[in-house]
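For reference, chains read A, B and C in written order, and residue numbers begin at 1 within each chain.
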Amino acid sequence: MNTFSKIGLSTALATMIAAPVAAETELTMYYPIAVGGALTEVVDGIVAKFEEANPDIKVNAIYSGNYDDTRVRALSALASGEPAQLAVMFSIDAYDLIEQDTIVAFEDIEGVDTAWLDSFYPALMANGRIEGKTWGIPFQRSTIVAYYNKDMFREAGLDPEAAPASWEELVSMGKALTKGDTYGLMIPSTGYPYWMFQALAIQNGKELMSGDGLETYFDDPAVVETLEFWKSLSTEHGIMPTGTVEWGTLRQAFLEGQTAMMWHSTGNLTAVKNGAAFDFGVAELPANVRPGSPTGGGNFYVFKDTTDEERAAALKLIEFMTAPAQAAEWSIATGYMGVSPAAYETEALKAYTAEFPPALVARNQLENAVAEFSTFETARVRDGLNNAIQAALTDAKSPADALAEAQAAAERLLKDYR
Amino acid sequence: MSGLSRHIESFGALLLAVIWISPLVFAFWAAFHTTSDAVNFNLAAPWTLDNFRTAWGGAPWLRYFLNTFLLVTVILIGQFFVTTLAGFAFAQVRFPGRDIVFILVLMQLFILPEVLIVENYVMVSRLGMFDTILGVGMPYMASAFGIFLMRQAFKGVPIELHEAARVEGCGWFGILWRVYVPLARPTYLAYALVSVSTHWNNFLWPLIVTNSPDTRPLTVGLSIFGAPENGVDISVISAATIMSVAPLLVAFLVFQRQFVQAFLRAGIK
Amino acid sequence: MAKHVNIERRRQAIYGWLLLSPAMILLTAFAFYPSLATLWTSVFSRGTRRRPSEFVGTENYTDLFADPTFWKVVTNNLVYAGATIPLSIAIALGMALWANSKIPARSFVRTAYFTPTVLPMIAAANLWLFFYTPGLGVLDQIGSLLGLPSVNWLGQPETALWAVIIVTIWKEAGFFMIFYLAALQTIPEDLKEAADIEGASRWTYTRRIVLPLLMPTTLFIMVNALINSVKLIDHLFILTKGGPNDASKLILYYIWEMAFAFFDAPQAAAMTIMILVVLGVVAGIKFTILDKRTHYQ
């Protein structure tokens, strides 16, 4: 055998030996953490379990900051040719991701089981279902819930088990609870004001956008009325501070007793539980015309620029991470909801919710939940709405004017898509 | 010179100094106490390391430190290389178009990498250096400021030394290495201190170019640690902040004189 | 002889360009080419799924001028520059004069003034967040001791930009102080002695001798401060993210947001070109008018 044949043969042998190793699929996954700190360990733990069960798949789970950071990171990676196969991103980024042609619908992935797609709470699938297909699978989902200080309720002579169930009760109980340095209620208006506003609007009977992402209803009279109500909580009724209420430090303010009630994500539940030095309760949001809250949080998305093996592996990972056992583990560690009814049937979650009923509030609210605010050009449209809310609350503009401006800006942005 | 006005001035200076140092002091206070104690200023409250433990576990700080260290080192080496060669060329080599090119270089003082973030990001991606330490460092290596400094330093070298080395048979690079570089050592040191502190603290460009903890420097790590969805914990953030500024701060306090001299020297030029 | 000179000249030229090549390659790649590419990008429309990118000339610029947010951001930046530059220079001057004089604990004072400079802006923002937190933060707590109501420093449009400005001044003044210190130390002692003999007060001495002598330094610092007023936006990411209602949004932050949050690279490019033009004008002024007063070797 001459030299060339020897080289050829050894190369062939080497490739054959190397081949099984090369069959390992590598997945890069970007994800946000909603609460700073040790939750990266929980994610790493779940991922490790997955890798054990699937030795031919390697997962790099990269923590990339909050939702905005994660979106920027994931898209930067794609734009610069770096591989990324899946990410947990804002449920409301779906329209923009589709528009930028970056994600693939789950129906288009080989091997997907439509029964699996239907196994999640429908309210949580709402943001992910666009143009008839499913683009996002729920992972860390939430609704807004009302946290309240039971001790303060007792002091004010109110029933600590009865949180406000209507807007009238909200105002009257708020007034009873506001004294000295303590406010009755704080609804944050920085960070994600549109989310809080959406809750109020739906309670007043009006959705802020259409289901196809093409229309907004900011200047609808019911919506204007809602913003006026929010504003009246501070200016007229005095149960909330004037100006904006800071999202980031609200939880601390609640724990320090600066407010008797606060509206915040259920994702804060575990942190509040661990930090509260008083008896606290969690309740569904009050109703006006009807009860309601938007959902919130992040979905799994699979990127388009992936091979079939990568998609199959990503699908497996997502199925694992949203499986009832893992969903239960994630929910207990964070306060986010279990994403499927089956999750709540697991022993772990059953025991946890029996011992800690507030963990069920968000799930119970799903009955009345609506999709989170999302349209095409969602970041800019949302920005306009956020600005309008803040302008009204800081008395820079009247609610009607502010919302009219936001609506005009939204029209300008959306008309190209209709 | 009235004694009273002197006293008032001293008092004013000290008051300003106290005000100036207070944010650091308060952060220090918050970092070592629980959040509740910190915001309520319970002076008798117990000191705790819990915040540091939480902060430490919340992000791969060691990795961030390493990345930052690598980054400033890579940038410094690149800068030394580029600015030495270019500074020498401008100082001692006569070639056509030298003055025009020098103006172009000075223009870079105003074409900041930060302003060009979008296109530089595209460039770095195209070169395949996205999410690499080299990618973060490259735009800064041809530092106009550094070139200028080196040119000044090299111009100050007596021509006789140059001639003497030439007579001994050294080529250009030999002369550069044997005569100019050693004599410019104070400038190098000064420049190094300025460069390291600038790039240790750089944020926007690394934010865009790094994507994973493997390359992320301290500043970016601190920013994502401090901006979670559901709210900030002042004590933990303070602990994380103190932790990440500690090395440079300690280095500064120990080597104060050198730091100040370095900036002074860089400033005079 | 002439031939030798020519060969020598050619060798020098080759060496010169060779030595310059690393710098020129890097500068071209990361300064000159991107500037041109930005100009190119700014005259095309944004490519999306429905409509690929096409040449639109000045449309991005006209859109920008019609965008009220753009004008708000420009106004903000002008206020920001207009406040940080004089204030930080004035404070830096005061600091330098004090740090240079015979006051007690001079070393501590100088260290205290300079320390913010060695911190990253992100850390500085974190530190000041503790100050600005409504109700729980240091400023409000001090205020409540004095009977003042709680102020939402970062959450009100009226105060948000000023809160940001204060953090910038805190960070910058110490840095500028160093330049003044350097300059002060070059002022010969005899000038002071002469002033004393003449019977001039310290204030007169400072005003009529020291300040004019510091003018070149002041101009140098002004240029630096101007550049920083464009470049230094790190703290926005932590403190306000440009809010509330764009009250504290600065132009570089808006560029970042436009490019990386709204995915509108052409608009971001248009704004970048405008900043480059402004910086270019500043550069022009510096190199022609200002440099006539100082001389370089």
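Note that contacts are C-beta pairs under 8 Å (C-beta built on N, C-alpha and C of every residue); 3 or more make two chains touch, one makes a residue touch a chain.
Owing to the predicted nature of the structure, the values given are computational and were not obtained by experimental measurement.
Asker: What chain lies farthest away from chain C once each centre is taken as the mean of the Cα atoms?
Answerer: Farthest by centroid: A.
Asker: Tell me, please, which two chains come out on top when C-beta pairs in contact are counted per chain pair.
Answerer: The largest set of C-beta contacts joins the chains B-C.
Asker: Express in whole angstrom the distance between the two chain centres, defined as the mean CA positions of chain A and chain B.
Answerer: Spacing between the chain centres: roughly 38 Å.
Asker: From the C-alpha centre of chain B to that of chain C, how far is it in Å?
Answerer: 15
Asker: Mind pulling the residue numbers of chain C that touch at least two other chains?
Answerer: 133, 136, 260, in rising order.
Asker: Two or more other chains touching the same residue: where does that happen in chain A?
Answerer: 76, 249, 252, 256
Asker: Which positions in chain B are in touch with at least two other chains?
Answerer: If we look for residues of chain B contacting two or more partner chains, we find 39, 208, 223, 226-227, 232, 234.
Asker: Looking at the complex, which residues from chain B come into contact with chain A?
Answerer: Against chain A, the touching part of chain B is residues 35-36, 39-40, 54, 57-59, 121, 124-125, 128, 130-131, 208, 211-213, 223-234, 236.
Asker: Could you please specify the touching residues of chain C with respect to chain A in the complex?
Answerer: It comes out as residues 48-51, 133-136, 150, 152, 154-157, 243-246, 260-263.
Asker: Within the complex, which stretch of chain A touches chain B?
Answerer: For chain A paired with chain B, touching residues are 32-38, 40-41, 60, 62-67, 69, 73, 76-77, 79-82, 247-252, 255-256, 264-265, 267-268, 271, 275, 277.
Asker: Which stretch or stretches of chain A touch chain C in the complex?
Answerer: 68, 71-72, 75-76, 96, 98-101, 181, 189-190, 241, 243-246, 249, 252-253, 256, 258, 377, 379-380, 386-387, 390-391, 394, 396, 416-417
Asker: Can you list the chain B residues touching chain C in their complex?
Answerer: 1, 9-10, 12-14, 16-18, 20-24, 26-27, 30, 39, 41, 81-83, 85-86, 88-89, 93-96, 98, 101, 103-120, 122-123, 127, 138-139, 141-142, 147, 152, 155, 172, 197, 200-204, 207-208, 218-219, 222-223, 226-227, 232, 234, 237-238, 240-241, 244-245, 248-249, 252-253, 256, 259-260, 263-265, 267-268
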